[in-house]
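Common to both upcoming complexes is subunit A, partnered first by subunit B, then by subunit C.
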Partner chain A sequence: MSTVPTALAKRSPLKIVAWAVPIAVVLLVLPYLVDPYQSILLAYGLAMAIAVLGFNLLLGYTGLLSFGHSAYFGVGAYAVAFMVKYLHVQSMELFLLGAIVASVLVTALFGYVCVRYTKIFFSILTLALSQVLWSLAFKFFWVTGGTDGLRVPTPKLLGVVTSEGEDKIHFLAHGYYYYVLVVFILCVALMWLIVHSPFGKALQAIRDNETRARFIGIRIRRYRFVAFLVSGVFTGIAGALWVPLNGLTTPDILYWPFSGEIVFMAVLGGFRNFTGPIVGAVVFNYLKTYAVGFTVYWQAFMGVILVVLVMVLPTGLVGTAKLLGAYARRRFAK
Partner chain B sequence: MNLLETAKLTKYFGDTHAVDKVDFTIGEGEVLALIGSNGAGKTSLVNLISGLIQPDSGRIVFRGEDVTNQSVDGRIKAGIARSFQIVNLFDELTLLDNVALSIFSREGKTRRLFSLADHQHAVWQEAHDILSQFGLESKAPVLAGGISQGERKLLDVAVAYALKPRLLFLDEPTSGVSTREKAPIMDVISSIVRSHKITAVVIEHDMDIIFRYSDRIVVMHQGVILASGSPEEIRRNETVKDAVFGPSHA
Partner chain C sequence: MDILVIHLFNALLYASVLFLIAGGLSLIYGVMRIVNLAHGNLFALGAFVTASAVGQWFAGSTSAFLYLLLPTGALAAAALGAVLEPTLLRPFYRRPEEYQLLVTFGLLMILEDVLRFVWGPYPLSASTLFEQMGSATVGEFIYPRYNLLVIAIGAFAAVFLWALIYRTKFGVVLRATSQDMRRASALGVNVNLVYIQAFTIGCFMAGLAGAIIVPSQSAVLGMGVDALVLSFIVVVVGGLGSLEGALVGALIVGIVREIGISVFPEIELAVLYLIAAVVLLVRPAGLFGRAT
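Our next item is the complex of A and B:
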């Protein structure tokens, strides 16, 4: 009888360190190797990666497809904008705190309603509720700025680092980039811990077979609610990090196409593995940026990519890379 | 002493009297077989007791406590577990994960968000031990969706057994497997159930298995209990012969 837990043997910390450390080093030195525009683009990608990580806790691990994650992203972004406009806050840490509190409140409310349903009913409900927030942001223009949105200046980082006396682009490409990178690493570590916890295992059990999960004593609705909450908070944090980069928040980020983009990112990277959403978010960001610059028909271009993805690479970029890697190892072994 | 009692337990589906004022008892440590033709109400009775469906009326008392209105997880905590006629497994998880999840849940550890499941060595060790008892240890790292039907049946029971139940319902544990596989599967299940003194209720259609492995047989017909007794008494019962086995057996 084996005494070594198989799952433990599979996830050796050394293996994780072997690929995580080189990536972290590249991310650390990148602002000094590429032009500021590329660093800012990557910061956008990292912020979005946090949102997609949160989204994927629901899709990949719990089996719930949300079409309303723009709501929590928007809540994070608008929470920051409101703090700037009405409370004159400048601190990025307070922005993050405010975004977390706001997204907890909204996600708890929406989650209470949504987790009672699954499949298409869950997706439609999340979509409908996000549209409610969009219409509020759109119509209450005296509070939200309407389609003009609300401006968000560069924040003060850790109470000391500001863009005063510094080129804004340089600040975003260096100081703010590193801030986003640190929050990103913390979020990745936290999400990794959650999905590999007994709670994460329970979510996978619910995803695979709700009846059996119920009959081993898992309280389905409660676990879905907690997953929904965590997912929303991650997406809210992403919104808070994104808005200083963008300098402006408008109702567009609450609108359903933005939720669609989050789904697209997860599918692009692959939603059945941990790193897929991260890769998907970063790649999508570059893809969209260059597609917009390349052609006025960029939406059609992105649509074709999505169709090809679903038909040819259903496991996403990371899933496909893993399959190819396994194939290569088998060939090499022969 | 009775471990479980139902009093006038009733469930109608429209005009169909699936379970009709059933008074059912099972004693501590018994291995009881629940038989009857298709539609007799066997699975409905198990579904009612395990909490999958709610009764229209009647009571379910388990270890002296009324559990009629208890949630499924409340009943599991009380000591009721079950396997399913159509196996319910976590197909995209390994056999080891399937069993370990039951143990995590039993110990209330699935509520933990910020601790690594892999570091719960005692849980994994127990999961390995259970798989060994069920003869599935060599398949521990295999996905549950990729094993044979007989192995899936055993795993379904192993997942329920990992909850350390006092009362285990086995809903057709050998259905869908070849005749050759039936006896070995029942041998494994029977030896585990008896060695751990687990009270078990087996729903089966295979009479050879019923007569070989059960202490007592309860016969259901059209939602009511037709007869109850030892395998020999049931074998000789003319009413049962007519209702369950058909006129050719009479």
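Our next item is the complex of A and C:
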């Protein structure tokens, strides 16, 4: 638990720009190059990437494995659905605001309880609390729609009414795709600032050596609580972005195997890297979509991938790519 | 008054099954310090195997023979456990627990689909065993005799396990390994063998729970995932790694659930999870857990 991503800290801003700009350009022009289905799929992936980015602030940077992040994703999604059903809101900005408020409230409450623990107890407690929300969504069907879920129509972006004639697919693949992309870029930038701030460094110090961190005056529980809060809110925002794409929210996204999928994504990309969760979420989304289309036994397929992954590539895709890159550079230098 | 007896029987019925599942989970954690997320699937496997043995393969046999077939599910789960521990789980004991949870989560996904592949998406029942035993009268109510058998099996399993762990040489070795694996190993205990045995017993208990519950319900996909979260509540309340804790936790959950179903059905599950959260807050290691 001590391999600090030093390469990340040393990287110059210029190098980051050299990486980020081409990727951003590709993401920007993509809806005009591929068919709508692909860009909608990518929008799903980007929304999940925000959730996993938030999740990884706890796992990768604070050393706490949450097995209950479905709760905050679900809170974001249900906040939007309730705003549609009971307040007749249509504006996406209000949806995001509502999801942020709701997830701040829920994560503050859950976080207050959970950050007293670490290791397996933290995982089980987050899981138990997320299941409270699941059972409420499941049982109070006259409020939440039960297993039928709640429908969420296409929202208004930036106050602009989507013309009645506009095809929903076209809307999701273009206007909404760009909306998700912008929120995604903002979230990535924000998370980058957070993990490279003194606060982020303090979290890593807590992860690597709790006793020492306490010795140099870090208030461990408070830092963990704030990390929990930020983590949950990112995941809540992801839930709010996800629900118009899906058009429907059901208790499935609150059920604990969905939390397992979030952990899966982080490990797939590599939770020791900043970019790992992003890559993991996007790749997982493609894998799952194609596995579901390919076989009814997609779950077993994903399970085998997960088992092989933890056995053979514990640093995930990004970690392995970095190792290979370093190896290639060494060979090249000789 | 009689209705109270019925409610008590229902609570005990539920507690028996939960004790078997959660006791197995807790035993495995106590010895190997690993939380097996696929434990619920072994419970489901027990249910499916017994259901098809009783309801399909030997459906025409005499009823006495069918009752003898009841433990087949438990044996199947135990056999699977004996294979899984050395092959899949052993490499992970030295790795951080996120990897342990992930590999068992992967196993959960695989086993879920294995059940779907072998038995298909439809529920499977073994209700002949349930129906043949008929009902007993409790005052003015009737109560299925089969449920009483399940309670008896649960109680017997609890006594048997207690004797196994506290009154046999095997139990001494098991407890020694659980308390200090390195020292036990230095004293000549074959730790790998103990690990297989403990994991097999844990899986046997889960499979037995599935086997005895299937005649009164039926085997459905997803039952494992549901059972796992409930047994999490049990082990959190009782203390992870403690069999006494699993027993008390199962009784508490059984009673609360029975009250919940009749008094506050909407928030019955939520109350159970909240109890688990409150216990963790007040006593982090659970009611019977050792502080680690």
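The definition used in the following text is that the second predicted complex is superposed on the first by the 323 of 334 C-alpha atoms of A that agree within 3 Å, B and C clash if a C-alpha of one lies under 4 Å from a C-alpha of the other, contacts with A are read in each partner's own complex, and residues count from 1 in each chain.
Please note the rule applied: a contact is a pair of C-beta atoms (placed from the backbone, for glycine too) under 8 Å apart; a residue touches a chain by one contact, two chains touch by 3 or more.
These figures come from a predicted structure and were not determined experimentally.
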### Task
Consider subunit A as the common anchor and indicate whether subunit B and subunit C clash or fit when overlaid.
fit
### Task
State whether A:Ile216 touches subunit B only (first), subunit C only (second), both chains, or neither.
first
### Query
Which partner does A:Asp208 contact after superposing on A: first (subunit B), second (subunit C), both, neither?
first
### Message
Using the superposed model, give me the angle at subunit A's CA centre between the CA centres of subunit B and subunit C, as a multiple of 10 °.
### Response
80
### Which superposed partner A:Phe67 touches (first subunit B, second subunit C, both, neither)
second
### First (subunit B), second (subunit C), both or neither touched by A:Gln299
second
### Task
Applying the touch criterion given at the start, work out whether A:Cys187 contacts subunit B, subunit C, both or neither, answering first, second, both or neither.
neither
### Query
Regarding the shared-chain residue A:Lys139, is it in contact with subunit B (first), subunit C (second), both, or neither?
second
### Task
Scan A:Leu157 for contacts with subunit B and subunit C and give back first, second, both or neither.
neither
## Note on the structure
Winner on subunit A touched-residue count between subunit B and subunit C: chain C
### Query
Which value in Å is the smallest Cα separation between subunit B and subunit C when the structures are fitted on chain A?
15
### Message
I'd like to check the shared interface: which positions of subunit A are touched by both subunit B and subunit C across the two complexes?
### Response
1
### Query
Given the complex with subunit C, which residues does subunit A contribute to the contact?
1, 59, 65, 67, 113, 116-117, 119-121, 123-125, 127-129, 131-132, 135-136, 138-140, 256-257, 260, 263-264, 267, 271, 296-300, 302-307, 310-311, 314
### Task
Show which residues of subunit B lie in contact with subunit A when the two form their complex.
50, 52, 71-73, 76-77, 81-82, 84, 88-94, 96-97, 100-102, 104-106, 109-121, 124-125, 128-129, 132, 137, 140-141, 159-160, 162-163
### subunit B partner contacts - residues on subunit A that touch it in the complex
1-3, 5-8, 10-11, 193-194, 196-202, 204-205, 207-209, 211-219, 223, 226, 230
### Message
Which stretch or stretches of subunit C touch subunit A in the complex?
### Response
35, 37, 88, 91-92, 95-99, 101-103, 105-110, 112-114, 116-117, 225, 229, 232-233, 236, 240, 265-270, 273-274, 276-277, 280-281, 284
